[in-house]
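Every chain is named by a letter (A, B, C and D) in the order it is written, and numbering of its residues begins at 1.
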Amino acid sequence: MSMVDTLRELGKRDEVFPFLQQAAPSPALDTRHGPILYVEGVTKSFDGFRALDDLTLYIDDGELRCLIGPNGAGKTTLMDVLTGKTRPDTGQAWFGQRLNLLELPEHVIAQSGIGRKFQKPTVFEQLTVFENLELAMHASRGLWTSLRWRLDGEQQDRIDEVLALISLTEQAYAPAGVLSHGQKQWLEIGSLLMQNPRLLLVDEPVAGMTGQETEKTAELLTSLAGKHSVVVVEHDMDFVRSIARTVSVLHQGSVLAEGSMDEIQSDARVREVYLGE
Amino acid sequence: MKTRGSIRKTGLACLALGGLLASGVAQSEDDPIKVGILHSLSGTMAISETSLRDVALMTIEDINEQGGLLGRELEPVVKDPASDWPRYAEQARELIERDEVDVIFGAWTSVSRESVLPVLEELNGLMFYPVQYEGEESSRHIFYTGAAPNQQTLPAVDYLMSERGGGAEQFYLVGTDYVFPRTTNRIVRAYLNANGIEDDAIREEYFPFEHSDFQSLVSDIKRFSQSGQTAVINTINGDSNVAFYQELANQGVDSVDVPVMATSVGEEELRGMDAGPLVGHLAAWNYFMSVDSPENEAFTERWAEYVEENDLSGGSDRVTNDPMEATHIGIRMWAQAVLEAGTSDPDAVRQAVPGQCVDAPSGYEICMDEENHHLHKPVLIGEIQPDGQFATVWETDGPIRAEPWSKHLEGSEDKKADWTYPWVCGDCEEPRYDLEL
Amino acid sequence: MRGLSWKGAILWGLLMVPAVVVANTDDMSADERAEKLAEQQKNQTQTRTEGLSGEAASIVERLATDDWQAINDVVEDLEALAAPETLPVLQALSDRRLYFDERGRVLIEDPATGEYSDALTGETAEVSPENLSQPTLTNAIRRGIRPLIGQLQLFSDDVATRRAGAEELADRPRPEMLGRLQELRAEESNPEVLRLLNIAIARLQLDASDPEERLEAVEVIAEVRSARMKSELETLMETDAQGDPVEPDAAVREAARDALEVIEARQRTARFLGDLVYGLSMGSVLLLAALGLAIIFGLMRVINMAHGELLMIGAYTTFMVQNLFAVMAPQWFSFYLLAAIPAAFVVTALVGILMERGVIRFLYARPLETLLATWGISLILMQTTRVIFGAQNVRVASPEWFSGSVQLMQGVSLSTSRVGVIAFAFFVVALVWFVMNRTRLGLEVRAVMQNREMAAALGVSANRVDMWTFGAGAGVAGLGGVALSQIVNVGPELGQNYIVDSFMVVVLGGVGNILGSVFSALGLGVFSKFLEPVAGAVLAKILLFVAIIVFIQWRPQGIFALKGRAGDDD
Amino acid sequence: MLMRQPFVMRLARLHSGFGWAVVLLLAAFALVVVPLLNQFLTPDSALYIPDWLVTLTGRFLCLALVALALDLIWGYTGILSLGHGAFFALGGYVMGMHLTHNRMEAGTIPNFIQFLGRDDWPWFWVPFQSFWFTAVMVFLVPGALALVFGFFAFRSRVRGVYFAIITQALTFASMLFFYRTETGFGGNTGLTDFRELLGFSVREADTRLVLFMLSAVAVLLSYLLCRYIVTSKLGRVLVAIRDAESRVRFTGYNPLRYKLFVWTVSAMLCGLAGALYVPQTGVINPGEMAPANSIEMAVWVALGGRGTLVGALVGAGTVNGLKTWITAAYPDLWLFVLGGLFIAVTLFLPKGVMGLREQITGRSKQ
């Protein structure tokens, strides 16, 4: 492009420059074409070790997808890439049609509607359960608004609702640090719900939960699908079986197989690398 | 002037006696006279100032052993401002307001003195300041027993330029970056200019306190010295000197080719160093421990004895130096003034100190000027010896009068330091003590 | 990224090569030889005369005065006389060993025995020291005496003495001596002495009336390439008020110009090399100061604010060992420094272990709080030192074999102690590298630091390894203290000056990477020395800090980042 | 959504009724009782508050303000700064520059400017003749430095120990910079010998009393401001950042902005403290920027209790009170006491004095 063209380009009134686009990403989410998440040819290596190797994955809007794979298959790294924590060496990752996840900072990705639950439960230990949920509530994240912020009745109700859902109503005003491991998992899921994201990335949600809790979690996650898209990473095969519609198997940084649980279980390659047969 | 001085001296003994007698009657209280000592015992300045506290305590002990003043004991109140300049002001205030001392002996750096000064002015305090300094100051509340620039640095410059001192044509001024070297060098530069040495034959360089890497500087001195007979005026303070002289020796800068004249290297500083690299270089002071005089013999012997009695750290290595002598002189002068005034009230003593004379360890009779609150002091130039002492190579014919405001500086030449009665300080209080008693 | 840092490493390596090469030029060996000769000459100084002849005696007699003019006259007369027998007198005068008593006898002190001998007769004299005075001696007088001594030394049979004399004359030739020097040159057989004499004569002949002689002189001087003679050559190039050259002969001017160019080129090289070498020297000091911290902070992530005090303890241990040697084994005194190395290591390591066991081990999970606690320890250590040793600096003398300097080339010399420090720094780095990479302890340390639980599961006692690692780090800091005691003042506040610098070195080098610290220390040293002539010492340092802060923006992990999936998360 | 509420209401909610009573009582004591006791009692009265004590307390109040500022950033946000001495000193220098203008006779310049070889004020000195300009700069100068430094440091996610070390380098570099005479701020001596402020002599006891009261007001207002911040949702975000910064990011907040905001506010409060401190002390010099000073500030907060605003105030008061007493009574002991305090607090009082009760009851529960 010649210099003149560039200048002309810059002079266009209706041109929306990339750096301006980033400022208001949420309305740009466009899922008219089906998938809410496009991951194409993503590769990431750490000191020669390929954590992700030309990985391609699509998640449809409203889908519940399970990711399984042995340790080191790249599940967590993939989540890191999607949430902006890690930048891949090559490849593309789009949220809807417009949002390039590889260019946005973490908090913008979160604001635009991707929520993440970590493998190790991370809650704000010094804040109360209630405050944890309040902070996560879908609302403006601006500095000044948060300085003058006050809950209205509706929001209060919404928090109470979630508290009930995650069975922490009694502990609402206790610091999150004193919760049990399972409760922390629940609180983190509750925070995710408050965030009301379009896409939930859930890393090992039932680790350390009792059977009953696991069941309840399964119930919750299935109920979310439809309104939200959910990606679950889990080791617990029974749990996966109980919720999964589609399962993707990751191996050495790329997708080895994709399909329903039954299809996967019958896949010879999967049996070889994952089920150890 | 002369007559008045001698009248005073004869009167002094009577006054002392009278004071002793009077004390029984008028001074019914036996409360001790409180004396503040304000020297840093910790922090960077502790290296220099601890000795001043010690010598002050020694001199006070001596006075007490002779029966105190006016029948009252002297009670020293020691503070430690910990090399923190605002703390000097704070503690000076405590000394005067809370401890009610009548006089303070203290401070070393110009900063500490400047920080105490407003407190003295506010509370009408009295301080004796014992260290050579840059001048350009004069206060009713301070007696300066150290040298003004014309009592130390300028004679040293004269010496270096003289045939005897080596006929320096170029000067390299090296100093620590603070007010004393800066002001001194301004005066030196003006003085050199007046003596026909132009600016391109003068180089000036400053370093922070504690600087210890002088490799680049010394190479530059070497290069500079190749274009003419060069002398270095060294106003580096404290520790940095070791590294500086060490580097001079390393790079083969010889005192014969490039003599270095120091204004802040004395016996006490040399004690902490390996004197080897400094040997042959010069320093200008008003007193050396090596001075050969009966007063000095008494002074150094008493000091050694005091160190031993009190088991001071350093033991037999402890030395005397110029600021210690100045402290000693200051306290003795103050004591004489108290006797003469018959009271330790600062306002009275302030008027009695000018004109006091003391047979000082430097071997001269040192007198406080009648006007400017400074001493008349002799200037000695010494060559550093391997044992950390000085061999005097030149001295002035006698004590010279201080010029607190340098006549070589623009803006200062017309200023006068005159604290004779009636004081030229504007709205001073009425004198309570009549000098024509 | 990783490749980049290795490129950086190679760059630094290349920068260091010339320094090593320079250290091996024969310039140095020649000067070393000169130094040795000078040393020998010193030892051979005669401490008494063999009796003076009439004329000499009558002049020397006049030294019994403290009038400096009179002494100057004496020196001038002795110069005119040029009698080698007066050499001991002149040397005694120059060294302040000459006295006179109330009877006007001129006496020479023998520094070895403390005896006095009569200068005129050479016989031992009984005197009471309190009656002795010294003739006035100033640098101006010394300036007259030295060439005279040099000239008289040329009459000696001993080559070393002649060489010393010639050296002095090459430095300060006096026009009056020209004739005599030429005579002596005709008789001289030793090539080195001859070379020096030629220089001395050449410098005097720059004023000769014969242009041939001047040209010859310029050529001799050009060959020496010494900056000392630069100003003399420059005079030849000057023009007078009318714009005519002072030097009428074009060939001489031409030769002088060439010589000047050579000298200036050499000066530029010297300046560059000087900066580089001084930078390396400063860098090695930084390195020694920071290495202990690189272990304690780098590997253990303990922010040890008492690090400076560990350096200080190392330095004070050196002081104590020195005093111990002075009292217990004075004959071995000059080797106290060698004994101080293990002593300092052990003492500081013990202090370190005490700190670790007493305080730090309770705080491993709370790094910011170790910072406060260790700062508290540092205050206590500092004040304890002050109480025990006093606030004043203590004197740590360099042993003889460690003082003096090494000339790398004309205009660039480095003190032996600094050379020693550079060597010592590399020794310590090698030692640390060896321990960390080639010993069981090192293996365990690395295992524990990387994964505490895993190491524990493998049967490594993490607790014990913490203790030893901290002790070793502290011990290395102690070694740094030994080195510092040789180049800076030893006082209670010694460590305070190095704490910020040390942290900068470790952070810049990359926490957890000892090699990184090595490069960052040397780099900082060199960088700051190149900056110093331009910006001044303080501004150079400030700029350095700013540069580090900016650099950390760019590479928060330091020069040598340890990259891994276990990222920076909390 | 966001409900607009009257500011006063929000303010009233900062404390319980009892809390407000205590705050107002303390304010009344500082602003009414102390002046009365100082002005209307004679020195021989038992309740008389001497002038020196007023000034001393005034200075302590300034230091308490620093502790408050440091607590905001360290206690609440978990960012330990070892560079707050620099902001404090900058505020002090700004005020000092104005006071230096006031002390010079028209047409004269101080000696340290003469050292620069010039005979007029440098450009960066000129505007400080105006008090109002100075008053604004007291906040802007430290604020601007904090903003720029903080932006770069937080952007590249320097935190924890690294941040502490870099801030230490910041204050150390500033100290070296101000030590240089060439910099034009009085070099080693700093600025001293102050005489007048707004036409009042700063050496007069009455002016000192007013300065004390101003310091008390400053502490009170700053306390309320900090309280306002930490009790708002913003405050909870700060605590969240302290606990799990990446979680905050994945929740959609941009920690950079929050940290930068509170960091800059903290620096500005320090600047204010410095500006009030200087006329009461009579001198400001680069020594205030020594790293040791900043570390000592951290111990005020740690002793009082991190994350409680009252704790910071209590800590600053306690340590400085101790310091004044011990350096006068047992000068050799001070460093032992201070050092011991550092160790003891970190080992035995991780939550400081204010956490003592919790610590004891917490233990008995277990």
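Just so it is clear, a contact is a pair of C-beta atoms (placed from the backbone, for glycine too) under 8 Å apart; a residue touches a chain by one contact, two chains touch by 3 or more.
Since the structure is predicted, the reported quantities are computational estimates derived from the model, not experimental observations.
**Student:** Among the chains, which is located farthest from chain C on the basis of C-alpha centroids?
**Tutor:** The chain farthest from chain C, judged by C-alpha centres, is A.
**Student:** With contacts defined as at the top, give the pair, B-D or B-C, that has more of them.
**Tutor:** B-C
**Student:** Please work out the Cα centroid separation of chain B and chain D, and write it as a whole number of Å.
**Tutor:** So the centre of chain B lies 38 Å away from the centre of chain D.
**Student:** I'd like the Å distance between the centres of chain B and chain C, where a centre is the mean of that chain's Cα atoms.
**Tutor:** 33
**Student:** Would you mind pulling out the distance in Å between where the CA atoms of chain A average out and where those of chain D do?
**Tutor:** Once rounded, the distance between the two centres reads 43 Å.
**Student:** At what distance in angstrom does the C-alpha mean of chain B lie from that of chain A?
**Tutor:** 75
**Student:** Which residues of chain C are in contact with two or more other chains?
**Tutor:** Within chain C, residues 383, 386, 538 contact more than one other chain.
**Student:** What are the residues of chain D that contact at least two other chains?
**Tutor:** If we look for residues of chain D contacting two or more partner chains, we find 176, 179-180, 244, 246, 332, 335.
**Student:** Out of chain B, which residues touch more than one other chain, so two or more?
**Tutor:** Only 41-42, 177, 208 qualify.
**Student:** Over in the complex, which chain B residues touch chain C? Could you list them?
**Tutor:** Checking each residue of chain B against chain C gives 41-44, 46-47, 50, 163-167, 177, 205, 207-208, 210-213, 215-216, 219-220, 222-223, 226-228, 239, 242-243, 246-247, 249-252, 255-256, 259, 268, 271-274, 276, 280, 282, 313-314, 383, 385, 391, 393-394.
**Student:** Once bound in the complex, which stretches of chain A touch chain D?
**Tutor:** 83, 85, 105-108, 110-111, 115-116, 118, 122-127, 131, 134-136, 139-141, 143, 145-150, 152, 191, 195
**Student:** Which of the residues in chain C end up touching chain B in this complex?
**Tutor:** 68, 96, 134, 136-140, 142-143, 146, 227-228, 230-231, 267, 271, 274-275, 278, 281-282, 383, 386, 389-398, 403-405, 411-415, 418, 487-489, 491, 493, 497, 529, 532-533, 536-538
**Student:** If you look only at chain D, which of its residues touch chain B in the complex?
**Tutor:** Those residues of chain D that touch chain B are 50-52, 55-56, 111-112, 114-115, 176, 179-181, 187-190, 192-194, 203, 281-283, 285, 287, 327-328, 331-332, 334-335.
**Student:** Of all residues in chain B, which touch chain D in the complex?
**Tutor:** Spelled out, the residues of chain B in touch with chain D are 41-42, 78-80, 82, 84-87, 89-91, 93-94, 97-98, 110-111, 114-115, 117-119, 121-122, 136, 176-179, 182-183, 186, 206, 208-209.
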